[in-house]
Structure formats: C-alpha cells, structure tokens
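Next up: some structures, all given as structure tokens.
Two complexes follow with subunit A in common, the first pairing it with subunit B and the second with subunit C.
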Partner chain A sequence: MTASLSKGINAFKEVIDAPIASFFSSCVHCGLCAEACLFYTETGEAKYTPIHKLEPLRRVWQQEYTLLGSLGKLLSLSKPVTDEELTEWEPLVYDSCTLCGCCSMVCPVGNDLTYMIRKMREGMAASGHAPEDLIAATTRAITIGSPMGIKWPAVQAQIKHVQADTGIEVPVEREGADYLVLMSSMEIINFPEYLSALSRIFKQAGVSWTLASDAFEATNSGIQIGSSDLAREIVSRIVVAAERLKVKCVISPECGHAFTALRWEGPNLMGRPFGFEVKHILEVLDELRAAGKLKTRGKDNRPLTYHDPCQIARRGGVVEQPRRLLSEIAADFREMPDAGVMNWCCGGGGGVSAITRAEPLRLQVFKIKKGQIEATGVQTLVTACANCRIVIEEALEHYHMKIEVVGLTELLAQYLVEENASPIPSPVSGRG
Partner chain B sequence: MSHLDLLTFARGSALNWALMLCVAGVVLRLFEIFGLGRKADLAKPRAARPGSGWRTMVTRSLPPEGMLKHDPVTYIGGYVFHLGLLVTIFFFAPHIEFIRSMTGLSWPGLPAALVDALAVAAMAALGTLLAHRLNNLVKRMLSGIGDYLAWTVTLLPLLTGYLAYHHLLLEYTLMLALHLFSIELLLVLLPFTKLFHTFSLFISRWYNGDLFARKGVAS
Partner chain C sequence: MKQAEQLDNLPGTVGEGLTQRGISRREFLKFCSSLTALLALPPSMASAMAEAISKARRQSVIWLSFQECTGCTESITRSHSPTLENLIFDLISLDYHHTLQAASAEAAEHAREQAMKDNAGKYLLIVDGSVPLGNPGFSTIAGISNHDMLVETAKGAAAIVAVGTCAAYGGIPKAGPNPTGAVAVGDIIKDKPIINVPGCPPIPVVMTGVLVHFLTFGSIPELDELGRPKSFYGETIHDRCYRRPFYDQGKFAQSFDDEAARQGWCLFKLGCKGPVTYNACATTKWNDGTSFPIQSGHGCIGCSEPNFWDAGPLYKALSVPASATSEMLGAAAAVGAAAGVAITWHNRSTKAAANTAHEKVTVQELTQEKK
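The block that comes next holds the complex of A and B.
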C-alpha cells in the first residue's frame, strides 16, 4: 500500500462515526436515492446513484468496524480498497456530487448520504484523489487568501468604486462594529453590485458594519475538497478577524457553501463554539425588514422566480426569508415546482463549478433546472448565491435561454427608499 | 426422527438458540454502531426543535412529495410487503397464541381470511420487488448476494406458513417444522444482513432528523 493510500484509508477510518455506521447498516439497496440525484435523473447512468458513490468508504467501514467484515479481511475474503478504485471513484465523489442534500431527504431508511459524501472527501483528498482544479483553488486560498487569487488591493479598488458611485463610505477595520461583512471571490470579480447594494441598505438601516482587510473572502475550498486542516486554516482567518474587531455577527455573503463552511462547519473545524453569531445575508436583511429598517418603495412588475441555493435552503434552513423579502418588492412572484427545501440544485455546488472537466456533465444536469424555470414562464430569476448565479448564467447561455439572473440583495437595493444619498442608477425596465 | 420430533426440536431448543443468536447479534451490531460515537456538534443549532429525530423516524415512512411517481413499484411494493408481513406475524391468531404460550402476552387477532390474503399479497409484493430489482439498472448494480439471500430468507417463512396453513405440499407437522426452521434462519441472519435495517433504520432516521433540524430543516 502506498503511503498516500494508507493516509486516505486512515482518513476514511477517522471520519466513520456512529451515524455513518448506522447509515451503512440500514441501506436496503432500494435505489431511491438515485431518483433524488440530478446526476442520475438527467443522465440515466446508474453509477451516479448516491449510495454507490460511497462504496469504497462502505467497504472500509465493513472491514474495519464490523465483526463479520474484519473476519472477512483476516481471511482475505474481502476486496481491499485500492488506488485504482479511488481513481475511478474521484469523478463520482467530486464531479458528480454537488453536496446538494436531496438524496438525504428521500432515503426511506433515513441515510444522510450528503453527510457521508462530504466526509468521504476527507479520505479522497488525503489519498491524493481530489480533482486538480480543486487542489489548485485550495492552494490559492491558502497562499494568496482567495481561491480565485484575489488580494486585498482588488477589494480596495472595488470599495473605491462603490464609494464614488454611492457617496457612502465603506467601513474597513472598524473595531466594535456590529457586523463583519464577507464576500465571495465571485462577487468581487463578477458582481460588484453586491457591495454597493449592501452599503446602501446598511446606510439606510443604520447598521454598523465593517470589512476586514485580512478576512474578506468567505468561500472555503477546504470543505469542498474535503480537507479539514486546510478548511480550518481558511476559516480561522475570519474567526481571528471577527474576534479582533469584536463584532457581534459575521455575515456570510450570497454564497451557499461559504455559509455552510462558516455557520455549520466553522465551530467544529476550530474545535470551539464562536463568540459571535454567523448569519447569511438574507437572514440579516429579513431581520431588518421585520424591524421596519428596510424600507422599499414600488414593486417590480416583471414575473420573478427564486432559485433556492441548496446550502442556504435545504442545508441551511433559510427558506422563508427570501420569500418574505421578495414579497416586499415583487408584484408577480412565481414559485418553481419543488421550490424550497426540495428544490433542484443548479448543478455547480460542492466544488463542481470549479472542476473544468465536469463542465459538460454540469450543463447536462442543468436540464432539470431548465425545466423548473420554464415551468414558471419568467424572464428573471432571483437567487442568493454567486456560485449558483454564475453556473445558471453559463447554462442559460448554453441553452440559449434569455433569462436574466439577479442577486436578491442587489434587487432589494433597487427599490430602497434612501435618505441623504446620491441618486442611484435607475434599475432595469419594468419597475412599477 | 419423526415429524413430531422434528417439530418439537424446532419449537424447542432450535428456537431458543435462534432467538439467543438473534439477540446477541443485534446487541453486537448496535454496539458496533454506537461504539463509534459521534463528536459533539459545536455549531449553535437553530431554534431548538425537540423531538426532531423522533419525528423523522415517523415521517420518513411516507414518500417525500413527488417521489412516489418516480418509482411507484418500490414504494407500493414496499408498503404492501411490510404491511402484509407485520400483520401476518403479529395478528394471525395462532401466532398470538404461540407468543402467549411463551411470554404470557396476548392481544386480539384479525380474521384468518384477511391475514391469509395479506400474506399472499406480501409474497406477491416480494416477487414483484425481486423482478423490479433484476430489471432496474440501479437496483441491479447495488444488489449482491446478500440482497438475494435476504430476499430468500424473508420469503421462506411466509411461504412455508402459507403452505402449512393450507395443508399443501407436505404433511402438516413437517411443514410446520420447516416453517419454524425458516423463521430461525431468518432470526439468525437478521443482524448480519441488510435485514438489520429492522432496527437500524430507526437510528438512521433519528440521526437524519437531528442533523437536519440543527440547521432548521424538517427532514
């Protein structure tokens, strides 16, 4: 056994806990999880069945943690996990799993398959079987500070633009602020509207907030690749900054996995509960709305639908907030079939969008989202994850669909009632 | 050995051994699961949802919205089989009487004709599910010898019970002895095959409900 393989097997052994043992013990091989996985439903290929993606991990569990399995191993009756096998499984564990969580909602015996696939990636990464693109992104996140290689000067440049456009100061390194705002690389590069929208909303609501120069990036490729050590290092930058600036709450941006990384995995990675809260931006906006601090005027007359990012809705519990926010500003809001916690994934979560070779598959499985969008008949889709947004935009282009994708924060800002601020560029057509 | 001797053995020491092995096996398997433990979740859960794990234990018995039409054979076949099996085991008057003789516990049974029909339905469902398993690409890929073994040892008690009740094929005493042996085989294999889901599915559903509820989602 090579050193890397034994590292991987050890990592497998380490992640197997009582829930995983129970899940493997319970599987009745009914195949229903396949029906919940877009990679199976859109390709019809049996290998994309969620429980099948876990086969190497299952065998390690059986051989190491069951009496019969260890007897089998002793007598050389069982098939050991090999490097070749893990190479074969790499595309199953990474390219064709967005960690969307759908399978975990339908398995009749209650297996949380997504929990297992996330854990399995620890062993895949440790044994050197993670996709190169994810390794590169994680390396950039560790060495440069962001998976897309963005440094603080790029953020500073954006801050300058935002200040010039809005006339509002973007606070940086402000100790004692209530909120620490994070962004995703995607927002810094592709969607500068986010920071501008946030500045205006917070100004109107009188929120005290700040950016941190050494912790602006919220994404965490460490959890996508499945390396807790690296994930910890990435998340610790945010924790250190939040503690240094003594903020009460850290706001995860419009990004799904960043929220999961910080809100649910963060304290476990750090090995201690946080002294500050972690909220997704939609939760904060909804709280401001409820407190009467988010005042909007007028309604958007365009038919709109909302795409629930998996990590925010099904894996994050933020389902009602975007709907309440949209009801303030949307005159014609239409739900997609299966919306909410059973929403279909865009096909690019869990690191898939960063894997170049997975692109054809990602576009193929987008067909399910395409059908969902078409069923609503809208031309405008709202979402709250920059990764979903990019993935959806690319796929819409691929399928020649003329649909505009907007971030919810940005859309809200278009209808904001503002006092003492310079005029805002007028929003797109159809404002009512 | 006469048929009666065989029956006496089947309902005597054979049954005792089988029950003991089954209990020991279940305890071992539960120990294998819980012995692995679970790290405390340090992330602050959303508003406490007491009973979420227990709720999922129940709610997971129903198909999530829209799933039924994806694979009606598995769902409907599964319901018919499980219902038929449970009724046959626990509401067939001679079974209740047998349990009463061993434990002193008893409860009212259901009419024999109804139980008979449900037992036949359960066997028919098993047959359909097997055909479905062999025809469906996903299920066939997932299936190994353990699945077919589990299928066989589940069918045998139903089949021998049916044949004994209707006095078919073999002499009654012999068939009854075979019926008991088939149950004993099932008991011994239960902890070590996927049939263990009889117990572990409650644990899995509890974990599932708990993991999701921490994030504020009812699963």
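The block that comes next holds the complex of A and C.
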C-alpha cells in the first residue's frame, strides 16, 4: 500500500463539506487575505496569497460539486489536478502556512481559509505530498508515541529531577484526580521548567492532578500533516487515559496546536463528546487566580511583553487570561502592536517549524515579529507555547537580538508564595 | 453694456427678439447662467452661451406629432408661461406644428415642405408621439402615414429631438399588447443624431436646455446609453429626493393617509419608482420650481423610463416582483427546488462514494512508491 494521487483526490472530495463549498462560491477575489498572511507581507510573492494556496482543492470542488464545473470536466475544459501540480503546491500548503488564522479573520465574506488549508492537507497527505520531515515526525508520533521520539522513561527522568529540585511529589497514574496534565515534547526536552513550575503552583493551590504514563504527549502531528486517521489515533490515547483515570479536566500545555487538536478537533475526530473538559493551562491558572488560590509576591521590574500564540489567542479565544495573570506580577507590561486576536504569528506554527527546508523562509517572515518586539523596547518576551518559544529563540539568535523568552507558567512560579518555603530555583533562560 | 446692446440689436436674431419683448440683458444672463448649471457646463460658459444665443438666427424647427396626447406640447407651451423658456420657444422659427399653427390643410403641409426646402440640412426636427407600424392607416396626417412623414422629414434634418416617452421609447401606445405596433423614433431613423427627452410629459427646461445647447455649440449634448442628455438624466429621482433621508432611516409611509405620510416619510413602499428613474424632477421641479410628484405626496411612476407602463403595478413597492404571476413564481420555485434536490443528490452521492472509497491512512502510506 502506498500514497497515490487517486487517494488524494478522493480525500479532497471527502473533505469538501457545506462550509468549504460556500466559502469557495462566496470568494470575491478581493485579495485581502494576502495582506493578512505574513508569508506574503514579508516576501511580496503573490503565490503566498492564502486563497491561491487552495487552488487544487478549489478545482476539485468546481469539477465535482458544481454543475458548470462538471460540464467543463466532461468537455475537458478544466484541467484535472495532477501529481506535478500537488508537488508544486506542497511548499504553499505546508512550508508557508502556519494555520495561524489571520486570513480567516480579515476575509470580508467570512471564509475560514485556515479551516480549508487544514482540510486540504488531508488530500496532500493521502497523495504523498506532505513534507518528509512531517512524515518522519508523524511516524515517530504514531510508532514511538511522540514526534520527537520521547518515551515514558525520559519523562520519568524529568519527574525525578523535578521532585529532587522542589521536594514535591509529581503524581502519576492517580485515578480520580481532578486534572490530567499533558506536556509537549518540546517541554520535556527543552523546557523542563514547565513541569517544575506546575508542580509548585498546584501544590500551593491544592489542586489534585496526575500524569498518565501512556498519555503524556499533548502534541498531535496528525493535525499538522493533515491526516484525520492519524490525528484520531493520537488524540484517542489522551481520551482513553483521561477516561481511565476518571479525571474531570485535561490540561493542554503551553503548546498551540495541541490545544486546537484536543479542544476543537478532538471530539469531532472521536465522533463523540468527551466525558471531561479540556482547558488550556492559562485558563486553569486564571481560574486559580480568580479563586484566590494563586498567590504571588513581588513584581518583575523588567519591561515585559507577551506574544499571543495563534492557536491559543486567535483560534482558541484565550486572550484576557494571560494579561490578567501578567498584571499580577509584571511592573512594566507593554503590549506589542497588533497584540491579541490579530497578533502576528511567530512563523513556525502548524508544522512549519518541523520542516527543515522551510527554515530560511521562516527566518525571513520573522521580520514582522521582530518589528513588533522592537516596537516595545523590551528585553524579555513572555509566551505560552513551547513551539512559538523555540521558533522565536532561534530567530532572535539569527538576528542577533538579545532578548530572553520565558513561558508564562514558569514566570508565575518565580513569584509564587510558597508555604513550605523550598529553595526557589533561579530564573532559567534559554534552552535547558 | 455697449457690446450687449450691439448684440441685442442685430436684426433677425434671438437677441433682437428678446430686446423687443423687453427682456433685459441682466435677466437674459441670469437665464443663461442657470441653464449652464443645469447642463453641467463650467460657469464660464454662461457668457459664451449668452453671446451665441443672442447672435443666433431663429432656428427653423419642424414639430411632428404622431401617436400622442399633446401633453408634451401642453407641458412646453403652457407650463409656466410667460417665462424665458417660453420666449425662447417663441423665438425659434416654429415652421410646422399642427396643434399650434394657424394654417390648415394644404397650406399647413406646404409650410412644412417649404421649411424643409429652405433649411435643408439645417432644421431641427422635434417629434412627439410614437409611430404605428401595425398598419399605416392607424395614424395619418394629410393622408400621409406617420412613418412616411417621419422618414421624409428626417432626411434633411440636422438633428432630431424625440420629445416625450412615446417618441423616445414608444411610451403608452407601445404598452402591452401594443395594438398599433407602436415604435420609437429611434427604431425607424438610424442615420441622424437623436436626442431623447423622455417623460410623460418631459420637463420644459430640459427641452430648452437641449435647444440652447444646440444653438450655442451647434452640437448635441452628451447622451447616456438611452440617448438622454446626461446633464438632466444622469441621476435618479431617488438620489436627489428630499425624502431620501427617511429612506436611509427606514422610515416609510404605509398608506397615503397615515401619520407617516403626513410626516413626509419615504413613499418607497407605496410604489415610488424614484430609485430606478433617471430624471431631473427632484432638482428642477415643475411649474416654475413649485413642486414635483413626490413633494405632492405621490410616488414617482417612472414615466421617463422605457416601458414604464408595463413595469409592474404603480402602487407596489419595487421590491415586490412586478411581472411574474403567481403561477410563474410557483413553477420557477418548483423547477428551482427540483434542480436543487437533483444537485444535492448528485453531490451527496459523490461525497458518499468518496467516503466509501476512503482507505485508512497509516504512517506507512504517507509516501508514494518510487516508480
């Protein structure tokens, strides 16, 4: 068995639903989506216009689902989608789209272009036109359990470190806990501060939580490559574990697409509602703050700004929570221009950061973020997505910018009021 | 002033005629300025126009009336007499007009033939009324069918002015079922410039403006795609209506005697055709600027538009389908629904087939086999 063009075309036919049909028929060709795409604004190349990235899918819609289009197909007036064309479109659909959702926001007729790109990737993956790096990552996610090839023993090792550092027990496989905590591979390998910070915050707040040995990975390569079959398999691990442990809520970590995969796509992939809630860690922390369970002391005097991860702010609606949390501890908080739901993407979401050949392009389009950061004049940037964080750190290094990037959870933990005062770890910067 | 007197005193000119009638230079210039504005010409053209009109010889005009009601003549000759507009009309050489001329029978026809001969290629032909093609006997003058008289008289004309909706577009005689086979002037004459001045009847000053333009520049004003002078027919009644703010606020009269109607709210729902009617009524108004239909509390009936009589009930809002009968609408709905069902069925089966053909994607199947 192998990927093939016919499988891809079949997948295109499968994904074209009422929304996609109405989006294509209501497009007025105004080109406003181009101005919303950082790949267009930073390169000026017309091929990066979001609606253009959907051209093969649009033609399949026209040929299969419209009267004139099917007549044109019969009379060979409209050319069929070929392997060559999909090869040409592969960099447009994967390398130059972070699924950031900006184009969907500006479309005057309300077309959700991001939704369409996500759906189009189904056909790209089924026809063998996904980038090899994403195929490799997805293969690791399915066969090993994590796109970066991390297994449970690596998590166990980190748990030991955290327990040694904080003196707090990290609960594992605790049935009946309120929260199931997930992590992203990036956090396990690069940002171990996250688990340590979470343990301390939850200890102080008296939260009952647990990790699951068979469902610690929150990321979902199936979503990024665009294969519902694979995404379903990955998300079902979490659903099975959460239901086995009878938790009330699953916490999506500081990772953008993991939140989208679990919160929005998850129940649709499973074909049923979950028996538990899904919340982003910032939502949980803000609830704790509102309930008076998240006590902090002191203020960070450094000028700080906050980068809204696309999937969390624009696509996820978590916009006010990080600002309320930051107002507790930041003495000099500065908003970037366009902050909030219209924030510019880091340039590496939606799987782009995993595609090696896309790196020069990614660095080029980072210029828009660079300008945003420079406008604030800060030396410290806070965010809530490990992928944004690594993409931004790499780009800052490339542009020789001396700016520290920190996760919001770990920053909060630095100002935590702890009853059993254990030694507070010094702020960790860069990659662990 | 000297120059003006000179101009005015040239014998046999319009200027001389005006002086004889006691029209002062000042009054005349005022008239020219207002016409300049109405014709959308630059203000500097007013004096040029005054000079041209003063110097102009009395223009020979032949007026033919076919299938009409004489309303157009009434409008132009009697509407706000005695004003400058009328005087200008008196000062053209109206060589033939069977309602107004004193002569009758052969003498009358002789006057027309004489004018055609004396001013060959120079006279202006004004036509009101439509021309019946169904049977030449439906409308004749001195035994000559309207069609033949039009063709004969048009030959030597410098230009033709089709006055009124009947001459311009066929008008009421052409309304379904069009028993006489009525057509517009432009349907018969193809080789002469034709200026359509539609309206039932048209506004007098529009007539005057067209004439003055012709006298001043020796050419016809800029026309739209329906042959109407753009300066008068460039905007809809609706766009220039003083009740427009009510429309924009969604304030409509629901009947002719409700409180909203008394408050002067928009008459759209009572069938006003202002939004689709191009004419100058709302700006120039009628009867020496006194009023126009909407100001008098009645919606516009769109009388200056082609086929206005068949464009649906006068008292139904434009948003209500005009021509379709309920059977037609029912049939159209049924056909539409059937087509919708068929297309939906086809698309659903395409999609169902695609779903059936779905082979579960595994990580081993993410690449194509190398051929």
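Rule of thumb we're sticking to: the second predicted complex is superposed on the first by the 421 of 432 C-alpha atoms of A that agree within 3 Å, B and C clash if a C-alpha of one lies under 4 Å from a C-alpha of the other, contacts with A are read in each partner's own complex, and residues count from 1 in each chain.
Keep this in mind: contacts are C-beta pairs under 8 Å (C-beta built on N, C-alpha and C of every residue); 3 or more make two chains touch, one makes a residue touch a chain.
Since we're looking at a predicted model, the values are computed, not measured.
After superposition onto subunit A, the partners subunit B and subunit C occupy overlapping space and clash.
Between subunit B and subunit C, the partner in contact with more residues of subunit A is B. Of the two partner chains, subunit C is the only one touched by A:T139; subunit B is not. Contact with both subunit B and subunit C is seen for A:I16 once the two complexes are overlaid on the shared chain. Of the two partner chains placed by superposition, only subunit B is touched by A:R315; subunit C is not. Of the two partner chains placed by the overlay, only subunit B lies in contact with A:A36; subunit C stays clear of it. With both structures placed on the common chain, the touch criterion links A:D229 to subunit C but leaves subunit B unconnected.
In the superposed model, A:L77 lies in contact with neither subunit B nor subunit C. In the overlay built on the shared chain, the residue A:Y65 is in contact with subunit B and with subunit C. By the touch criterion stated above, A:V341 is placed in contact with subunit B alone, subunit C being left untouched.
By the touch criterion defined above, A:A130 reaches subunit C but does not reach subunit B. Shared interface residues of subunit A, touching subunit B in one complex and subunit C in the other, are 16, 65, 67. Considering their complex, residues 343, 347, 350-351, 353-355, 357-369 of subunit C touch subunit A. Interface residues of subunit A, counted against subunit C in their complex, comprise 1-4, 7, 10-11, 13-14, 16, 64-65, 67, 83, 125-128, 130, 132, 135, 138-139, 142-143, 225, 227, 229-230.
If you check the complex, the residues on subunit B that touch subunit A are 28-29, 32-39, 41-44, 46, 56-57, 60-61, 63-67, 70-71, 74, 78, 136-143, 147, 192, 194, 196-197, 200-201, 203-209, 211-212, 214-219. Remark: subunit A residues 16-23, 25-32, 34-36, 40, 44, 46-47, 49, 51-52, 65-68, 104-112, 115, 263-268, 270-274, 277, 313-319, 338, 341-342 touch subunit B in the complex.
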